[in-house]
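One structure below.
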Amino acid sequence: MMREFWHYFRNGLLGENPVLKLMIGLCSVLAVSVRVENCLGMGAAVIFVLTCSSLVISLIRNFVPNEVRIPIFIVVISTFTTIVDLVMKAYLPPLSKAMGIFIPLIVVNCIIMARAEAFASRKPPLLAVADALGMGVGYTLVITAIGVVRELFGYGEILSHPVFPRAYQGMMAMILPPGAFLLIGISIALLNWSLRKVKS
Amino acid sequence: MNILIPTVLVGALGLAFGLMLSFLAKKFAVPVNPLVQEVERVLPGANCGACGFPGCSGLAEKIASGEAPVNACPAGGPKVWAELTRLLGQEGGNWEVKRAVVLCQGGKGVAQVVAEYSGVASCKAANLLPGSFKGCRFGCLGLGDCVRVCPFSAMHIDPESGLPVVDWEKCTGCGKCVAECPRKILALVPRKEQVTVACVSPDSAREVRKVCARGCIKCQVCVRTCPEGAITFENGKIVISREKCTLCGLCIEKCPTHCIIRVGRTTALLEVRG
Amino acid sequence: MKNILRVALALTVVCVVAACALSVVHVVTKEKIAEEAKKELKEALGVVFPKAETFTPLDLAAFGTLPESKDIQFLEAYEAQSGGERQGLVFKVASTGYGGPIVLLVGVDTKEGKITGLKVLEHQETPGLGSNVAEAGFLSQFLGKSLESPFRVGEDVQAVSGATISSRAVARACAKVAEIVRGEGR
Amino acid sequence: MNTGFLTLFKIIISAAFVDNIILARYIGLCPYIGMSSSVANSIGMGMAVTFVMVLASIVTWVLWNFIFVPLGLEYLRIMVFILVIATLVQLVEILLKKNVPNLYRAMGIYLPLITTNCAILAVTFLGVDYGYTLLQVVVYSISVALGFTVALVLLAGIRERLRLARVPKFWQGYPIVFVATCLLAIAFLGFKGLVK
């Protein structure tokens, strides 16, 4: 059982990395990854919501009639998202302020719904959690990696500590949307390139 | 108190939406024949279209209604066909499994290239130019139309030779690449070890020699050397009959342009390129 | 028929359970959030009006007709006191910038007729360009300016390069606040 | 009325082009990347998104202003809005399956993903946050959907051309699509100063 758990976890991490391979959850990646601390906050919130909702969805998967499966999944996901939103507003106000509109958009983050629809609703709870953790961590790694690059070149800082000398004006392209698109394109190409070595 | 109001409110909303959806689902229900669904689940689901029907669901309807034979889906292979016969309650038959093979060795350094082609990267487009960029008008252009069309990614262009290579493990014999190739250098052959002529050019010896080092020059050396008489020369083409051939490999050595190759088991071009 | 009910019931049950859970969490976190909001406001007011100890909310109507327009709205007003005596006023103003409304606090010392402080609470200006109006670099030039000054970009206010619209929005906020305090003469 | 019309016109221009939901606010990317393989699919997707977006913003606007704000239940906003959207998408799924089966099959996983299409929830949120009137909300959602469809069709056109271009090996597939999106986003940046 443990081996299977590890298999799905690793699969979510690299084999089917949500952002780079499955192309889902991009909205939040591009928008939030301007600051590394936003990425970590977002990543943690996504991992929590994804794991909880995958667990609950796979628990109730046999009682969900097909006609209303989407609304039921989405109500479960939005409940956990709202909980994260309220808790963050109450106990972590600075982070909640920084992430603004993106917390409600977690519920719309395609990763959670896609995994619920494609995976959690078919697999037993333990595997669903494994996949959710793998996906969540995979998502956080990618978003943080992009966040580091964007913050470093955009503001010359990491976690708001200046890294580059004061004179560094900051590359605007990295902050605006086009830079983010480019960055995602490059990282997928890099992933393909590195996986190619593994495959052949 | 302010726990009750939201709960009741959202509950009412849920009830309203639930009723609406389930009622509409019933009214707009699409009549689905369960047998078709079962057949569709057995089919590989690659929607490759090799069977000639619009995707697997199209084929599933035809198989369920008996209009299509059980082995109409080449991609499925014997495993699926056996399952389908059990499902439809028919008796099992033995079926011939086919695989694709590349009948051209005119790759880099073998076939003459007469022009530098930088147009649209597709064999069909390149083939529109009269004679295209290779000396031989029948040889493979190597721009990968077949690779792109293969739904099972069983083909890739070998970087050294620039020729397509078929991986028989992944190939399901669906024949899409054979249809796609504008130069018709791909063919479907039974999946067993065999010897075949890797050239489709009908040109005479003088023209073939001018444009390709490994083209078939119809010298008929192979016809004479074959101990079993399996090789014959019919209307301008060398034909090797699979029944008579005992895979002795004599013709492969004797052929002056190494045009005859051994094909089978794993990759299409087993023969070391001479 | 039975199936329709069964399906609708499933959705309803899930909704009820979800709503219940949420309202419980809401009740638990309600005071904490309100407290956080108050704390944040107090902090902001402190930045804008360092000298004052307490701030009492005022009714905007007390200032008569407000010079509001499409580009500027007054949201809240506070009276800054220290030692029981009025030191000045703080206004929460929304002035339309480049990306949308910029919400900021403007502190005014009514005794000496000077701006005591400025703090941008919310804005949707382009990051890296318009967002610089929220930084101290730009806002510090307003500190200590007398209420008589015109508060016009290019004249007595130096705009952030490449973000004239955002800079003008902040300058307009100060001009309007100065207008009220001057008009009121208190 | 003319100022009313003027603001409506301003909303249309700003929502569809200046503040394009995908290229400027980068919300709604998942179906954008997934469904833009062919122009036909993306138009179908655009229509479905428009239908859901307009209906969703109307229903949510009514629910919000007449039920949830008076009762002070703002915190339920996320769940109720998304519940409405999910129901509408399920409705679209039923209708499409019956009347337009091949579009239904072409959309596949991307139909349920409309529910999680961030653009729709974002529209309902912004429609409420901007304090629009009902008419303005309808116009706003139509123009955002227009912007979404325009961006989608533009990319689909580019991707169809890309299939024939000689793309370096590791850039094939999604990387090149992102580079194309990046260029499109730069082009849309040009609209930035159009509406103050």
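The chains carry the letters A, B, C and D, assigned in the order they are written, with residues numbered from 1 in each.
Note that a residue touches a chain if its C-beta (ideal position, glycine included) is under 8 Å from a C-beta of that chain, and two chains touch if they have at least 3 such contacts.
None of the values given here were measured: they were computed from a predicted structure.
J.: Tell me which has more C-beta contacts between its two chains, A-C or B-D.
T.: When B-D is set beside A-C, the one with more contacts is A-C.
J.: Need the CA-centroid distance for the pair chain C / chain D, whole Å please.
T.: For chain C versus chain D, the centre distance works out to 31 Å.
J.: With centres defined as the mean C-alpha position, give me the chain B-chain D separation in Å.
T.: Whole-Å distance between the two chain centres: 40.
J.: Whole-Å distance, chain A centre to chain D centre, using C-alpha means?
T.: Inter-chain centre distance comes to 21 Å.
J.: If you look at chain C, which of its residues touch at least two other chains?
T.: Those would be 3, 7-8, 10-11, 14-15, 18-19, 22, 26, 126.
J.: Among the residues of chain B, which ones contact at least 2 other chains?
T.: Answer for chain B, listing residues that touch two or more other chains: 2, 6, 9-10, 13-14, 17-18, 21-22, 25.
J.: At least two other chains touched by the same residue of chain D: list those residues.
T.: As it turns out, chain D has residues touching two or more other chains at 75-76, 79, 83, 87, 90.
J.: Is the chain-to-chain touch network here best called a line, a ring, a star, complete, or other?
T.: complete
J.: With touch defined as at the start, can you tell me which chain D residues reach chain C in the complex?
T.: My answer: residues 75-76, 79, 83, 192, 196.
J.: Can you list the residues on chain C that touch chain D in the complex?
T.: 15, 18-19, 22, 26, 98, 126, 165
J.: So in the complex, the part of chain C that touches chain B is made up of which residues?
T.: Touch residues, chain C against chain B: 3-4, 7-16, 18-20, 22-24, 27.
J.: Which chain B residues qualify as touching chain A in the complex?
T.: Chain B residues touching chain A: 14, 17-18, 21-22, 25.
J.: Show me the residue ranges of chain C that touch chain A in the complex, using the header's touch definition.
T.: Answer in residue numbers: 3, 6-8, 10-11, 14-15, 18, 21-22, 25-26, 29, 32-33, 36, 40, 126-129.
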